[in-house]
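Across the two complexes that follow, chain A remains constant while its partner is chain B and subsequently chain C.
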Partner chain A sequence: MALRLLLVASVMNPLLSMALRNVLRNRRRTLITLAAVTIGVAAVGTIRGVLNGLQQSIVRGSIEGTLGAIQVHRTGYLANVLSTPLSLDFEADEALLGKVRSVKGVKAIAPRIQFAGSLTLSATEGNDAPEALFFGALAVDPLLEPKVCPQRSTFFTDGTVLDDTHVVLGDALAAAFGAKNGAEAILLAPDRDGSLNGELAFVGGAMRAIMPGEMKIAVVPLSLAQRLLRMDGRVTELAIAVDDLTQVVAIAEQLRVVLGPAYEVHTWEELAPERKTIMGIQNGVSAVVSGVFMMLMLLGVANTMLMSVLERTREVGTMMAVGLTRGSVLWLFLLEALVLGAMGAGGGFLLMSVITLGLASKGIHFTPPSATMAIEVIPFLTPGFTVVVLFIAMGGAVLFALYPAFRASRLRPVQALAGR
Partner chain B sequence: MALISLKGITKSYQLGRTSVPALRGVELDVEAGEFTVVMGPSGSGKTTLLNIIGLLDRADAGSFKLDGEELAGRDFNDMAALRNRKIGFIFQSFNLIPVLDVRENIEFPCLLRKEDRTALRKRVELLAEEVGLTSVLKHRPDELSGGQRQRVAIARALVTQPEIVLADEPTANLDSGTSEQILQLMERLNASRGVTFLFSTHDPRIMKRARRVVLMADGKLVDGTAAAKAEVQGVSGLDHS
Partner chain C sequence: MTSLVLALLLSAEPPTTQEVLAKYDAAMAPATFKGVAQMTAHRDDGTTRAYKMTFLKGSDDKSRVWFHEPAAVRGQEMLRNGENFWVYMPNLKRALRLASRDNFQGGDFNNADVLRANYARDYEGTVKEDPKKPDQWLVELKAKSADSAYDSIKLWVTKEPLGLPVHGEYFTSSGKMLRSADFTEMKDFGNGLKRPAKITMRNEIATQRFSEMVWDSVDITAPAGDGKFGLSDLGH
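Let's look at the complex of A and B:
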């Protein structure tokens, strides 16, 4: 369709028609220039596509694996999070949950408690010296948690059970105990008044640490934690899933209004600012690399246009002799650059689409440096970025042709006819 | 009133620090319908004179009137429009646009002024028939002989119905038979259409056909009489036989 429009326009406009034919005149040179533009556009698009997939994987891993899109705490909780302040808890009753649900875009709510305690396992075969180990615990509702963090279970090893009587140990903790599934586990923890309480549970399995060197952690059922901590019906955190991640800031703002000053509301970006920083660095590096690709590609266009002007000086003189104005000479060469840019951008778009779709169909699986698990990256292109790249290829081609075109337009007819 | 009137035209070129005079106070009137030849040895200023008359270059000083209109001091785009409307060019090397076919080459000057395509197409076909190009209208210049190319150039020069056609050595790149045909064609067009032709040439065959000969030597015009011709012939060593 676009090509047809271009052809119709070229019939209507003699300069565009000439520009098209001039581009096809030196086919070898045009092919080399087009190849440069096509490869440049495809490389920039593919790099971005892979990065999009990687960043989406990071974001989804954060949101769906651990954080949730939004978290609600009692005001002041995050400032004191290292001391796991049980005193900053709240009643997760229907009145509060109803307020949260009333905000448009909230998809699911999962109540949680973060606390610290110690764990002792009963003696097992080959492990006859039980001892207590301190650990950090996240108490979750086994039924509600998957609605907010569906990827959490991907960290669990095969056969792991998380229900009201089973706890899941981080691999560091499990390794320290040599824990086996079904073993008795005694959890000890101080409640908010400082009284030490104990509860019996069973080892449901283990989970891989997201990053190596993570502290000893465990996921425990919420009901067990509430009994252990004497916090019946109370929690320290609500994790929230939303329908549309692009609306997360607006939803968080709405929650702040609904819940009032007694609660603090944070988006996943506020909870994990280092991930935003990492993605910012990735975007910066990608922009620099893309800029270099684009610059090399556009210098190729400029070189082609300069050669074209030098070769066609006498022809420019002839056209000026029969009445072509300086402005029209400028337009003629800029149109040629635009045609080159448009053809190259079109080729680049096709190539980047094929590569990106090809990679996306199988996914890229790799383990990032310092990570313990492989991640799957599904590359994808966004319409906005694609349009910008195509616009830069076409607009840049015109911009880089400005000097050769201007030079052609400033020729004096008598000079140009003499080929000088 | 003369179609072209030049008074005291001077033009110098700068070669490094040296100023080389090309025209030294040229005075020339050309009437409408003339078939005039400017002759002279190399370096006598013929091409410079044609360039100035063709508005391809500017004189340093003097008055140049085309159809009574003073043209000194016009800007580039004005001059381009005047060239398009009033002047046709025939070049020694044909100077056709290689990416355009014969029809498009002939149409090109008219397309720049956005003429109605249908009327233009009809005019081009008539002109092509007149210069003997009907069978090659769809051909590209590189598919034509030298004579055919020069015919295309002639048709292109005439398609805008100009007041004057300037031809700089139009037969220099043609064999004698083809030159003869081209000269006959231009003579015929001059007679049938009343178009004014002004040539610069070394070719004695053109001089023989010219109804007026303007002789140049050292950037000046010499009276176009037989005595003056002989004088120039003596100075230049040209064979005008």
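Let's look at the complex of A and C:
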């Protein structure tokens, strides 16, 4: 297609026609240069495609797996989150939920409590029951939570039950606890006022971890947690799903207005800044690697063009002798570079599309260190990035051909004819 | 002349660590006793919660606590037997194991602080002068086992009478100070037991928090038979 366009254009422009024929003159050299450009473009595109997939997987996992798109807490909660302050709680009543629902774009709300406690088996005389295991718990409403975090249950092992009497243990906790599904588990925790309380629950299953630090945790039914913590009807967190993720900042802003200064509203990006940092580092590293690829590839083009100029000194002299202007000589070589860049970019585009689609059709599965569950990465390319890469390949080829082309245009016809 | 005698007395050779700790333990954790105390936990947000409880200490590291107030913990009991700690939850009718380093009812004492065995057995260390406090000995203690509630303790005790605590600092293995305590309000509990009645435990990590333990009575003649320290006795 691209070739045909070039041919059509070449009929209209004799310089372009010459450039095209010149490129095809030394086929072996052209092929080697084209291969460099094609592989460079394809490598840059594929790296970005895989990274896109990985980052989408991280973002989806964050939003739909654990955080929700937006979270609402009492003001000051997040600054004290390490001490899981239960006293910064609020009534999750209809008045409040109605206010949140009134904001356009809010799709679902899930009330939660984050608390710290310990998990134990009941002790009897003489038995060597283990000491209580300390853990961080997230209490969720088993019916409302899936509407905000539909992916949460994908972390659960097969057959896991999460309902009003069953708790799901992070796999490190489950392993340390050593209890089978259905076994009695007693939760011990200081209540909202600091007094110790205990509630009986059953092990509903285990949960795999994706991000580091997610090991010693458990998901607990909200009603059980409210009894344990003596916080009837009260929660510490509302997780919110939105219709359109691109509007998340605007929706959060609207929620701040509706809820007033007693509440703080954070988007998932503000809640998980480390994920943003990780993605920033990934982007930086990939930009450097891509830059190096592009540079090597364009230096190849520059080398080819310089060789071409040196070889064709007599030819340039002849062209000038029959009246070709210096400007036209400059343009001729630049057009040759453009043709090389365009053909290489076209080939690179085809190759990266094939590789990316191939990888995407199966998905890449890998398990990050410190995680116990594989992430599925579906690589994809965005039109914007693809256009930029193709443009850099073509524009860069022209740019890197400037010196050889300029050198050719500065030749003196008499000397050039003599091959000097 | 008197001051000279006092100065000579005060600059005397320090007693052995075992001597000081024996005196300390005899006053602060008598071999057996029954006592009533109130703990007030002051929290970061300025709220307080008061707990009223009865203690019974038996021989060989056995202790038991009955909670009376507030209503949220009424009927709860705690038991220590050797290195094991349990809490009895009346709503579950079960005894559950606790860790010695867990907070005691959300306050700033840990379970081992309150249901204490004795320092003489768990810690070893040195006794020396503190130039800033000429009337006190500084006892620097190091835990014999990693399971102890604190890795090291600095304890300032009176020289006369020997071994009554004035101030304590409690450290983790990394050398970070976790808690500090002041021992005040000297009280005669009868039967020759005279010691501070109030312990203020400050949380050096969350510095807004502190807890006070005030002993109303300590009876070292009360019976404390082993039958009171069995798991099956909890809740009865």
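Here is the rule we go by: the second predicted complex is superposed on the first by the 398 of 420 C-alpha atoms of A that agree within 3 Å, B and C clash if a C-alpha of one lies under 4 Å from a C-alpha of the other, contacts with A are read in each partner's own complex, and residues count from 1 in each chain.
One rule holds in what follows: a residue touches a chain if its C-beta (ideal position, glycine included) is under 8 Å from a C-beta of that chain, and two chains touch if they have at least 3 such contacts.
It should be emphasised that the depicted structure is a prediction, and the values quoted were computed from it without experimental measurement.
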Touching partner for A:60 - first (chain B), second (chain C), both, neither: neither
Chain B versus chain C as contact partner of A:197, first or second or both or neither: second
Which of chain B and chain C A:101 touches, first, second, both or neither: neither
Touched partner set for A:29, first chain B, second chain C, both or neither: neither
Partner chain(s) touched by A:85 [first = chain B, second = chain C, both, neither]: second
Chain B versus chain C as contact partner of A:321, first or second or both or neither: first
Touching partner for A:414 - first (chain B), second (chain C), both, neither: first
Partner chain in contact with A:74 - chain B first, chain C second, else both or neither: neither
Interface residues of chain A shared between complexes with chain B and chain C: none
Chain A partner contacts - residues on chain C that touch it in the complex: 41, 43-45, 47, 49, 51, 70, 72-73, 76, 86-87, 89, 91-92, 94-99, 102-103, 105-107, 206, 230-232
Chain C partner contacts - residues on chain A that touch it in the complex: 80, 83, 85, 87, 118, 120, 122-125, 129-132, 134, 186, 188, 190-191, 193-200, 230
Chain B-touching residues of chain A, taken from the complex the two chains share: 14, 18, 21-22, 25, 314-315, 317-328, 412-414, 417
In the complex with chain A, residue positions of chain B that touch it: 51, 54, 56-57, 76-77, 80-81, 83-85, 89, 91, 93, 95-100, 104, 108-109, 111-113, 156
